[in-house]
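Heads up, there are several structures right after this.
Note that subunit A is present in both complexes that follow, paired respectively with subunit B and with subunit C.
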Partner chain A sequence: MSAQSGKRRPYLRPISGWWKRDPYFIRYLAMEATSILIALYALILLFGLLRLSQGEAAYNGWLETLQSPLSVGLHVLLLLVFGYHSYSWFKIMPKTLPAIHWRGAKVPQPVITRIGVAAAVVLNLLVIAGLAGVQP
Partner chain B sequence: MSDDNKTIEMEVLRYRPEQDREPFFQTYEVPFEDDWSVLQGLQYIKDDLDSSLSFRWSCRMAICGSCGMMIDGVPKLGCRTFLRNYHSGKLRVEALEHFPIERDLVIVVDDFMEKLARIKPYLIPKQVRKLEQGEYLQTPGQLEQYRQFSTCINCMLCYAACPQYGLNSGFTGPGILALMHRYNADSRDGGRDQRMELGHSDEGVWGCAAVAYCSEVCPKEVDPANAINQNKMGSAIDYFLRFVRPRGATG
Partner chain C sequence: MKRSNEPVFWSLFGAGGMLSALIGAALVFVTGIGVPLALLLSPDLMQYQNMLAFTQHWLGKLVIFAVIALFLWHATLRILLLLHDFGFRTGIGTKFIGNGLALLCTLAAAYLLLALGS
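Presenting the complex of A and B:
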């Protein structure tokens, strides 16, 4: 037996490049990366708040910058990123919850995801409608 | 039983520690029938082409959990995956990722076994009953709380799917954390506090980054990602309760 175990030489394969191994991992990393862009957008909004506190001229300057073609392009891109982020967030949501039962049956995870996405869409439409209402 | 003349190229990762410096692929031409599993393909190789090939198997019916392997890069049970589904091209078979290779498709499972013992994977009765008091009763609803997590066959496919475990083998990992939840969620069990010292730590549920690929590859629909991530909530609540609960009180 000891002669046998002397021959043991377990080989551990390197993990580098693990994320290229499966498209699932690439989707996961893309989902994680969207949070960085979302943090970036939060900074842009916070900066707007700062400009607001500095008076009307400063705030209008900030608004004007937002209307540049570059900024509009960025917003379109960010909208797509936000869409994917929200979807992936609700996709993982059922994993964080204990099983939910409805009329004696377990609610399937994709249903929970769909309810979440639907709620997000409705809320966003309400906010947009509300904002449209306050526009001068 | 259609035509018997079908063959498939099986590219198998070989590693013989006494003679190979590192693993390499060896290709075998395997004739097969429609109802052949990948495991049967490997058995054909061993019986008829190359008796030096090593791999683990036992039940060949997806219940013992010994035949986990990477099949075209995806962790699967060899006995539950059919060669006919790969007929268009060749098929690549490797040892499970993230574990050291002992020989060919055989991995070293010591780390898994040691961690499994650490979570005390058995009932620790809340109240010990004497024989004359009869059995520990449980309602169907209480059974439902943990049943899904009790069907784990320790096949370790979820470990091969988990980059967190691959990057840091200190992480307890999906299957075992799901088993920890299985016992914690059992109405007869009172061992949660003993298990959660590990459960609350970075080696426990907080080592999980919610990649959730473990749940995709699990052949028994245990959904380890769900077991782990629903515990993050409980773990966080426990953490904050520590500040408001008088010492020695139980929750």
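Presenting the complex of A and C:
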């Protein structure tokens, strides 16, 4: 028995470029990739919280950074990504739920998606409208 | 049978995914576009005194903590899946680092919110 037999590396099917094979894979990746920007947004908020705890001057520096064109551009991108996340979230939601029945019939998946997206639109608008009414 | 810790991470993933789907876009607009450009919103909304008062209220603390922590736990699970999909051998080590970072940020948010007092 050769001494190398135990050290042979197992065959690994090449997977590079797998996502180009099917538009479904690209949509799947776009959905998963939203997470990178969602994490970035959470970190921006966490950093703001840190600056707030360090006092007024530190916090105002963070506010000023938010006003820079680079930051506003990033947040426009974030807005699009969060929008896509909302849509894709409710698109896959019915596939992750047990079947829902209403009046004896199974609720079709697109209906669940539409209800979810509608709820997201309403809640997002309510948050903005609610805060637009606040005049500190 | 050894209990799996997966349901914990998937619950946090789901909660974060739902919260960000329902109000994430609005939050991005408010903090990153509306307030900085005074678009639809008062630029004073996020003034130091106002944000301090917001973070010193228990409800404000809860909202900020939920948003930061749940968004991060949601993102971490998907980023680990992405790494796996691109051929990184995501074993215990990668999961430990990913979830560890999310936990670290969660604890940091909790600490800062508590340190801001009431």
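One rule holds for everything that comes next: the second predicted complex is superposed on the first by the 119 of 136 C-alpha atoms of A that agree within 3 Å, B and C clash if a C-alpha of one lies under 4 Å from a C-alpha of the other, contacts with A are read in each partner's own complex, and residues count from 1 in each chain.
Heads up, the rule we're going with is that contacts are C-beta pairs under 8 Å (C-beta built on N, C-alpha and C of every residue); 3 or more make two chains touch, one makes a residue touch a chain.
Since the model is a prediction, treat every value here as computed from it, not as a measurement.
K.L.:
Looking at the overlay, what does A:A119 touch: subunit B (first), subunit C (second), both, or neither?
P.N.:
Second partner only, subunit C.
K.L.:
Name the contact category of A:K7: first (subunit B only), second (subunit C only), both, or neither.
P.N.:
In the superposition, A:K7 contacts subunit B only.
K.L.:
In this superposed model, does subunit C or subunit B come into contact with more residues of subunit A?
P.N.:
C
K.L.:
Just checking: does A:V107 make contact with subunit B only, subunit C only, both, or neither of them? Give me first, second, both or neither.
P.N.:
neither
K.L.:
Applying the document's definition of touch, where does A:Y24 land relative to subunit B and subunit C: first, second, both, or neither?
P.N.:
It touches subunit B, and subunit C stays clear.
K.L.:
Quick check for you: in the superposed arrangement, does A:L97 touch first (subunit B), second (subunit C), both or neither?
P.N.:
In the superposition, A:L97 touches subunit B alone.
K.L.:
I'd like to know which partner A:I15 touches here: subunit B for first, subunit C for second, both or neither.
P.N.:
It touches subunit B and subunit C both.
K.L.:
Mind sorting out which residues of subunit A both subunit B and subunit C touch, each in its own complex?
P.N.:
15, 19
K.L.:
In their shared complex, at which residues does subunit A touch subunit B?
P.N.:
My answer: residues 7-13, 15, 18-19, 21-22, 24-25, 28, 92, 94-99.
K.L.:
Which residues of subunit A touch subunit C in the complex?
P.N.:
Subunit A residues touching subunit C: 15-16, 19, 29, 32-36, 38-39, 41-46, 48-50, 52-53, 56, 59-60, 63, 66-67, 71-72, 74-76, 78-79, 82-83, 85-86, 89-90, 116, 119-120, 123-128, 131-132, 134-136.
K.L.:
Inside the complex, what are the residues of subunit C that reach subunit A?
P.N.:
For subunit C paired with subunit A, touching residues are 16-18, 20-37, 40-42, 44-48, 50-52, 55, 64, 67-68, 71-72, 74-79, 81-82, 85-87, 105, 108-109, 112-113, 115-116.
K.L.:
Quick one: which bits of subunit B touch subunit A in the complex? Just the residue numbers, please.
P.N.:
15, 17-18, 22-23, 73-74, 97-102, 108, 144, 148, 163, 166-167, 210-213, 215-216, 223, 225-226, 229-230, 232-233
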